[in-house]
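In the two complexes that follow, chain A is the common piece, with chain B as its partner first and chain C second.
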Partner chain A sequence: MEASVRPLLKISGLRVEYPGRRGTFVAVENMDLEVGRGEIVGVVGESGAGKSTIGSAIMQLLEPPGRIAAGTIELEGQRLDQLDATEMRAIRGKRISMIFQDPLTSLNPLYTVGKQLIQTIRTHSSRSEAAARQEATALLNAVGIPDPEIRIDQYPHQFSGGMRQRVVIALVLCTNPDLIIADEPTTALDVSVQAQILDLIKKLAAERNIGVMLITHDMGVIAQTTNRVAVMYRGRVVETGKTHQIIHAPVHEYTKSLIGAVPRADVKLDRFPRISYIEAATPAAKVFDIETHWLGRTRPDAKVAQPASVGPLVSVDGLTMRFVVRHAILPQNRVLFDAVKDLSLDIQEGEVMGLVGESGSGKSTVARILSGLYRPSSGSMRFDGQDVLKMSRSADVNAIRRQVQMIFQDPYSSLNPRMRVDSIVAEPIQHHRLASSRDETYAIVDDLLEVVGLGKAAGRKFPHEFSGGQRQRISIARALATRPRFLICDEPTSALDVSIQAQILNLLKDLRSALKLTVLFISHDLPVVRQMCDRVAVMKKGELCELAATDDLFNRPRHPYTTELLRLMPRI
Partner chain B sequence: MTSNSTGRFLPALRDSDAWHKFKGSPLTIGAAIIALLMISSALLSPLIAPHDPFDPRAIDLMNSLIPPAWHEDGQSSFLLGTDDQGRDLLSAILYGTRTSIIVGFVSVGAAVLLGLVAGLLAGYLGGFIDGFIMRVVDIQMTFPSIMVALLIDGISRSLLPREQHDQLALVVIILALSLSIWPQVARTVRASTMVEKNREYVQAARVIGRPAGIIMVKHILPNVMGPVLVIATINFGVAILGEATLSFLGVGIPASEPSLGTLIRIGNNFLFSGERWIVLYPGLTLALLVLAINLLGDWLRDVLDPKLR
Partner chain C sequence: MASFILRRLIQSGIVLLAVAMIAFLMFRFIGDPVSQMVGQETTLAERAELREKLGLNDPVPVQFLRFVGRAATGNFGISYQMGQPVDRLLAERLPATLELSVFAMIIACLIGVPLGVYTGLHPKRWLSRLFLVVSLIGISLPTFFTGIMLILVFGVELGLLSTFGRGETTQIGWWTTGLLSVSGWKSIIMPAFTLGLFQMTFIMRLIRSEMMEVMRTDFIKFARARGISEGKINFGHALRNTLVPVMTIVGMQLGSIIAFGIITESVFQWPGVGLLFLQAISTADIPIMSTYLLLVAVLFVAINLTVDLLYYVIDPRLRADNVARGA
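Entry: the complex of A and B
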């Protein structure tokens, strides 16, 4: 046993408070954590758990009026929480560095990457310009940037998201820090890039003997990367220990719930496990009988008997969406970009079709075309046998509008902040004249809010009074208010915490089977797609790579891109 | 129903950031009190003014150029003295402030209306309509408001007989002022509209099938009103100043009717002959009113602009 087993970072009894005029908010309470050299320690929790606050507290970057109310933070025995601003500046950046979520905003867009690196190196050591440049090139090489001699003179916008995050890591390494705090370093990145960045962080921690504190909401990232993990819930550490132990044998109820809520990629479950620890407060969705309920009335099911709707409900053929990236007077000088290229797809009535792809693959563009927000440059689109793009009468278009609804990704921007929830949900009913009177409309609205598990009291409130998950329920109620046949879900849960995601996905599953909806489910998250969909289409750069039944796709992928996506999928 | 909503509204107001910021700033409270006092006394001027400056029978040339009451020669019935025609200055200021405030309200109101319509159309529809409206705005912005006023005044002077022209003076001045303010409103509304139209709640309304007009009025308009309110408040002060400037130059309100600008213009002639109260008190009133309104505008901007929070 050595005498110097003193950990690199030692936090004990930390309490961070935000005094405000509505009382003091305790962001972090009684927090203990140790990070050793060469060790990666994960801090995992859902939004509002206080995990980012810890990083800010260590760096003395708490936004006022936030303050450390109790406890100590030590870096190799030195009390960080007692340092004044000048002393802290010598440590910040030099001995402790941070990597943030968005690599675009952590780099200065006006300087070349090399200039930023060289400047940082020279601020912290007395090296010559040439030596610093050499060092910078070596660092870019170390973080895996090809042709570092050329790329060093490029600007941040010339790098892709993953490459930019590599540059940020190189920037962090400039000063040879002892500790790196990585706050959601891969959340803004695609799965394939995420895996590379995490590997890089692992490699660097081991090679350079750096302690890493990895803050994330993603259990998959934790399982892949960290040695030890602390699970946080509402400002407290509920469980801490070795990563594989926590993942495979969690003790605390919350940890169990959190791990249970992560969608599984290996088997398809009927429902997501109910998270008793978190869900206790949410009212159960109202159970209704579709035969008698408003949602089931005057559905155009009678039409099913007609021969027109024997084919697929939605059918697109040769769909292409071309955007003009740069305008020019002469057509040949125009820069064009095909967001969707020659896409053909049939969606059967009652089926859940998954659409998977990384950012920029064109999946959201497909959603916008199908929902009528974009008009495609070429190709045809049929709904229930009718050619939608050739319709000229507004009554016909309106009839299609009523049957196709969409749930959006961002629950914070998809509801008009100046409208009450009941007016938001009532709008589609009023527009399509689905109710004969105001009273009837609002009775339906109350009922819809109960169906999505909110209760009618929610109607009198404004959207900002609700959490992300509750807002997404309101979005679902609004989408159902037209009694649609085809529901497009564009990443409906990617902005939500994993426990809330499970609730919303369960709700969507229940509604789908009760209402016999046809669904296009768009996601970048493969495990979620596996749980939700009957068939899956994989898109890459605007083109359809593979379309297969869900189990076939996951068990026997045929396209190399699908294989690659499946390989990189984070697993617990 | 109503009592219920007010019952909820009051505590909500007391808890809001706006009220909190208001309470914490003595400058804003002072500005609000001054603005309220001046506006209400101006609007009530026919009731509270000691004399009627419009009534030729009440005006006696014998009373001309009486200094304020606290001077040796002052009379208690003319608190702030009289002008060269024997009009009571306090009453004239009250009536004049009323004219100024009416001009301010109506011209800013018209400008906001025009700017909102133009900005919403340009921002939401884009393309050719956007280009057309914004070029009109650009052209409009190259004309100083005084030149626009002179132009309109000149045209109306040549077209209308003198009496009718004097009657229409108020309309001319309001037209000139709103023409010079609306481009600012239109630009702001266009910028905010372009941000809002890409938000998902607007797309949701489009997916429902709502036509562009309803989306603009029902969804976008309420969400762009914040910056418009700020611009309107600040331009209210600008409009009052503009009215005073134009009246001072003799383009606006005819000299026979009191407005702060005409009073200052009359007083200007006596500035060096000792009767400086004629210009001093209308001038002070104008400065105080505009200052109070601008301070309120700053407070409103702090409350409504999330970027400055």
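Entry: the complex of A and C
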């Protein structure tokens, strides 16, 4: 590209504020960014960094009362920030288009894909219905949707997540825009689909000479896709440069810690490097001797009288979970779905077992069966040598349940918003009558909150006063409150920012070794699994593909599906 | 699709049987039917004979089956008070009630939907706030009060509109309509408005909250980002997505204003089934009361079935052939 050509998009000195009752919140400050034609520029940062605000500011789609307080936004020399609503509507879609994060919600569920495409095409050009339809079909073909003539008359719910994002891209392209703002376009997608969508965006940007602004929190996506990148922290761009330079030789401290927090797929590290620049956990006020503390009293090695059981702690054999998708009176008309098929797995005491797979592979179903939330259709399940499914006395079942605890994916919906944090953590202790008095219970709760790095003052607050990472710490404290031996973590960090993820994973590692926990760690994120697990099981469509020690699996995968997953894994 | 309709029809049949049971029990156990039919000078022997003739000595299940059998063929017995077959009495009155209720619902939708869209799109404008306050008053005022006030202003003071009855009606087959004459129109406006006022505010508030919900969704933002015009977004993309819950409510409400527009009918002396029912209660005319009960049940079942079928038209996600294919 010649240096003399004006950049496609030029943002200078941009400041976006949200005036509020308690002072003005500045979402973006003094932001400079340029995007050229055919170039993919990444904007990376964690939640709250103001990345998405930039996209909305360019499109003049800021949620009120947000407003551009200073600075200019130019599209090939034309000031966008001064256009009125009608003029801006002519720019939106026609010259700048936007891809949103979640393809499941960005299409109108009541209109066919074709109707949405044709409407958009005809909004921006005077084409006839038939011509617009023809163009829409061609576009669906261009974004890689098979049988476009049939698919064009289907509704969004008939498409899978990845296919819907392709439809979204077709919608974005249908007016031949000059600039595309892609706001986390692949975050909601599986890794294999993510790779396809990113390839598609790259290909289209090059073919059609479109400038792309790619907003993401994922360093892997940035490394794979972008030419240049701007790193944002708390509303400011802290570093801009060529992608290669930013990834391999970052200058700013924040960039360094951000890259340090990304789990590496190649080497297993003991801990994630100390991460400065992020919300710090309160350091534990008092240090416990876990051996003598209440928490450590049921560690396997502290067990009294009972000989250590031989064999695995958890063992499942021929586990099958069958759901009825459509009910019918006649058995042959029923539509059945096997979420888990004939799964056999042993988890040794003290081991961290990884469970990996894409969405729909049945990993969460396995977690729910192991935690006792689902009863499997067939197969057997043993915990510490006892057959769990054959137990009839509720006291026996309860004893097992106390030893198995779960940490859920979404820290926002897994805590009761009406309960105080100390009551949340105390509830399992009271339910299983693990403490002799109320005072003892709450003393234990205070200690637990210290152990997970929140401090006991957190107990008197409600969940909404905490951030996602802090909430996940509360979940961990709650899970530890029954002194479990077996902890099931179902995607514990996939809703969190990468630096917070590093903290939580560090915490889990510390707790595991201190309390000698056995862990089933479920994730779709291979680098995270590599950092956390001793052995890894790979699932696909309800079946176990491969089970191997972590290093073997990553270095010498045997199953073709594992090889494929590893190939698609975004790398820095 | 066919199996869905079949299933719903079977469910409806069960509901109707249950209501028929209640209606039958009313017949059987509220007062003695014989003593209500005959005069005081009838002898005991004559009474016993009548009892035998009417089948009142048969076992209760047999009587119930006979009742259902008769009801299925449209024979609901003879009104104690008017000495005419109940089905004919109701058939004479039903067109008036249906005309009033449907007209009221149309008024409610025609005003309520645009107001709901407006207040949903611009929740902070003073006009929206005004609409909300007025609608609150509309919800809180009792129907009879609104009716009487309307009569006072438009009927008595201004003398513009007719205050009672249906005006001049025309017979079309078995249906009588007041909508073909000026006096008919003059008569229907006030009762219809009175009846529809509550529904109007209800629909407006419902659409408003649904609109506010939908406007926050990603697909609306995405439609904006593509430059689709505001009109198409508001009335196409957004409004259509609010319709499923609104339809449910409109259906239920239509059923209830047909069945229970009694107060309005009596304030305006509207010659509909509600007025008939009111007279039946005051004279303990049980055949009319129990038949009315059945009629209301049939109406509700029919309206609900229609609404369920409309879901399929509006929301493609519910269509059975798609469900089978899975996500």
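Keep this in mind: the second predicted complex is superposed on the first by the 549 of 572 C-alpha atoms of A that agree within 3 Å, B and C clash if a C-alpha of one lies under 4 Å from a C-alpha of the other, contacts with A are read in each partner's own complex, and residues count from 1 in each chain.
As a working rule, a residue touches a chain if its C-beta (ideal position, glycine included) is under 8 Å from a C-beta of that chain, and two chains touch if they have at least 3 such contacts.
Computed from a predicted structure; not experimentally measured.
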Practice problem: Examine A:Val388 and indicate which partner it touches, taking first as chain B and second as chain C; both and neither are also allowed. | Solution: neither
Exercise. Have a look at where A:Ser414 lands relative to chain B and chain C in the superposition and call it first, second, both or neither.
Key: first
Quiz item: Touching A:His124, do we find chain B (first), chain C (second), both, or neither?
Solution: second
Quiz item: Looking at the overlay, what does A:Met98 touch: chain B (first), chain C (second), both, or neither?
Solution: second
Quiz item: More residues of chain A in touch with chain C or with chain B?
Solution: C
Quiz item: Touching A:Leu370 in the superposition: chain B (first), chain C (second), both, neither?
Solution: neither
Self-check item: chain B and chain C contact sites that coincide on chain A, given as residue numbers
Solution: none
Practice problem: Within their complex, state which residues of chain C touch chain A. | Solution: 217-219, 221-229, 232, 237, 240-241, 314-317, 322-327
Exercise. Under the touch definition given earlier, write down the residues of chain B that touch chain A in their complex.
Key: 20, 199-201, 203-210, 219, 222-223
Exercise. Report the residues of chain A in contact with chain B in the complex, numbered from low to high.
Key: 21, 368, 371-373, 397-398, 401-402, 404-406, 408-410, 413-419, 427-428, 431-432, 475, 478, 482
Quiz prompt | Residues on chain A engaged by chain C in the complex (per definition of touch) | solution = 59, 61, 89-94, 97-98, 100-102, 105-112, 119-120, 123-124, 155, 157-158, 160, 168, 171-172, 175, 325-326, 335, 337
